[in-house]
């Protein structure tokens, strides 16, 4: 059945699969000590326009968030984030499992704002009982957000400024970063992200790779003994070259951006069709996720013909669905979907 | 300076201090294996009208919540509570430090309701992604609540019913339980609490003891190897008889209730005076805590003469203060306070 | 350079790489809900001769040990194992990071014995202070062991019996299970393992797969809500079909055993050559790992020509090296190595 | 029955009990913000001859070890200690519960040596796989040791030197520190301890107090936000003045040392009698603990008349018992015991 359910339902882009077949007869050192990891890190540093970035490769998103947050946040602190954040809602308590409270703030279109963050921190500091409360210790946002919206460069810079003013690092979860970088009107490019964030990720799983998340620490922010930290979180892949090879491929000839841009363009076509047909489209999103509110009856009919993501029951009669394109979405699939709408 | 800041600013009731002086020449087995603990547990079982209750004695409130919750909640679950709950706001992340997410629900007057809880659980179960979310694993409420309000027996029974329907135990934090048991109009007596809760505490620290919280597991709910669990949470007092002696004293001749009732009566006098003088008194509370909203100027003047608890800034011009009586509050102190109002 | 450093330096067997290239145009449900996972689990159940086995697929070994142990061992318990166990020595504290003490016992040839285990448990139970000690809560052994030796079926059955007598499950870490199953003289076949263990793993990473460990729970031992447990340990792969596809391939036409047997045969050739040339070969191992003790000078010379694993300095003048074959080792590589010895 | 079972079977010295009775009518600020805590800390700083020491008061020993170690040791590290250490054997896994591996080293008479420690660390650093191993992150010893023996000043200084050379702090657990400070031949005085250790404790529970352990951080070693760290470990006593009052008392007129010295003198009398009567006394201990090896029959007879600590079965026919004096032991009790021997 036709599926726009998510952006991780296809194996990997052909370039990656092909290279996997070409390295069968070689032997590599394990745990990321291989040349592919070195080359991929070098290419990412170049794409970030910052030769000092420190790049690591992990397998999955929750694993990466758990490892980074637990390694960066002092143990007596929590991690501030939008209440819609993946770490707050969809990681089964992986952050709390490492002892850190998630400190959710009300989101708007999936985002939190710098003034809002500042107010939160100021109120914490002013509270006479704050030694008995969980101190905000780092800030987590994702780019794009859970709702496919994109922070502007100015918004991210302002968040970083407030975070730093309060002694906190800013972590930008880029599980779908490619889709933000290539969305219409985006002005926060990879080098901006690298200048603004203290640590961020470049997601592979949802943008062309089989699996893999690149973790980029900027300005010397790598935690001491990070290899051991990755290992103790169960996140050190034995055959690390599989990660290096994939990111080396994605960061050759701008493949990462090309794959993401295609997905956005396909989403744009769907979005335009939806609007033309009068659908209720939520959020001002320019990335690969589209959220529509339809009646329960409409939802049932649609879902009988195409696999879509179910978000939530809006009220007794309406539900919100997600239409998600990916680097693997074809023109033909989009034509079929539009015909169904 | 006159102080109504909290209910843990006096050492202990005279009866307890006196008995402490009378046991100096004896030697006791450690870790709660002494006769005082046995006697105190027996008296508590009798007061609960349930000979099957299993009673343990720990030192402090946060420690007790941490130990009980981590021992009762399956590791893949969180603990549902009002968002004003002590475990959510004022325990510095002690619950998350054991790996459990706190799952706050909107409170009203410090309480959550059975229908609200049921709805929360139903929505969790209905969510297609719930295997990626934190499952509600137990329910935590306090009696009285953080705002001094009291659940009715019916409200508690309904919460327990919903909790049990969803496979969760109900934990009632009774750090100030005495003040609830003796408040006007309360209809949830100790034997009701014991019939309703799966585990609850009887707070000593704030109701006459130097320190100590009795943990009562009902209906065979004691976790396996609970001594080891207490020990590994750093909560096993070497000289356990100090806890047994105190609870034995508090549960002799209804001392626990007498001490609490006195504090409530003193609070009632203050509450009446506040209302007569036109103060803005928040919450319908009949226990030993009174919350008033005053102007910043009023607050400053009051606090120059009497130590009060500061709750929060309500708006730019108003703050909420807490007036707290205790078992140690004297008529004279209350007279002085009323004269100041 | 020629390398016998380890058994995870090659990408994957050709059959797996080839199938990876054949599924590029398909879309699959995530998180292990796909048909490949279903088929692979079915084939593993058949190979285990037990239709009730419950099979899960995780990515890496440390991750798997961490997830399984933390999910199976009650929180107040530790995990008993040989002191040479991977979880005790080479997982960077991943087990303790989940709150469980590792309880190492003296090993012989990498093994512990049933009588030794029984004695350990009996002494624990008899200790007057045992409520203050870490209770043995599960037993972990690996098959083959860290030193390449193999437990007999009788030895494993005896360990399981003692474990069960003391209320503990037996976990057999089979990160290299194939090499044990196909070693000369082995009498513990996969169906025996499934009958004896409460949970065991079938390692893919070191036996032909790109990555992946199959976790097999027997006799209804799967922990409640194991999907959430996997997720909160950061171990749930989004594209689960990549794991299913690999294990489906490995368990088709006995490929798993064929790959392992080849590695053992190559190791046998090397072992024979070593013995003929008078090398000091440690442990009576019939699997793919060979441990030799050589002088420091010999070691340096060897390592200038072939990459070998360094185990430890035996004394001031001698070191122990590991020669490790894998499913990818070729006759030609072995010939080259033998010529060097 | 006569008891020499342990040194925490009596409530508290009369001076402390008396002062407890004298503060009933006062109100104090909570959580250690009171004047008694301030005064006690000041007296301890003076006794340490170091005005920069930072002093905190916690309730119990395991709680204190857990809080200090988890606050000081980086999360990717373990704590090195003698294998007989309390944290390794008798804290029910409280250290591992915070995620840190305990790294036991073979002890001699309860001690580890500087050269042994250095060798351990050197071997760790030299190990090619050390990123996969648990890094030694701090050193824990107790003074006196679990066997009542005492480190010399030189031994402690050497341990500290090696620890510092390897980037680790030295933590001295002084749960029974008084008994070491006042033992015959001891040359490590309190000011020496303060000069040598990075953090140490002064035990109250076993040396005259009802309960309480003073934690002393030297040279600015206090962890950031230690109040919150204490709170999140469940170790912050509401009525902190109870701790301050006790330590203020113990550090007035050298009471702490006087109480401990008496216990040592009583132990010396017993030790001498034991040696005269030909008992097999283990360890060269000059503190309040005496370990004797007797036949099972002798043990049974002794234990029918006096409560002693049971240590372990030495062999089929012999057991080791512990005779423990305390600040509360009377001449008469010792006379009775000697008569029984």
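Lettered A, B, C and D in written order, each chain numbered from 1.
The rule is short, and it goes like this: contacts are C-beta pairs under 8 Å (C-beta built on N, C-alpha and C of every residue); 3 or more make two chains touch, one makes a residue touch a chain.
Everything numeric here is computed off the predicted structure, so don't read it as measured data.
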| item | value |
| --- | --- |
| Pair with more cross-chain C-beta pairs in contact, given B-C and B-D | B-D |
| Chain located farthest away, centre of chain B as origin (C-alpha) | C |
| Inter-chain centre distance, chain A versus chain B - centres from mean C-alpha coordinates, in Å | 42 |
| Chain B and chain C, separation of their C-alpha mean positions in angstrom | 49 |
| Euclidean distance of C-alpha centroids - chain B vs chain D, Å | 33 |
| Chain C residues counted as touching two or more neighbouring chains | 75-76, 91-93, 97, 99, 131-132, 228, 231-232, 236 |
| Contact set on chain C toward chain D in their complex | 75-76, 78, 89-93, 96-102, 126-129, 131-134, 310, 312-313 |
| Residue ranges of chain A touching chain C (in the complex, touch as defined) | 3, 5-6, 8-12, 14, 17-18, 20-21, 23-24, 26-30, 59-64, 66-67, 91-94, 97, 205-206, 210-211, 228, 231-239, 241-242, 328 |
| Complex contact set, residues of chain C against chain B | 31, 70-71, 74-76, 99, 131-132, 135, 224-225, 227-229, 231-232, 236 |
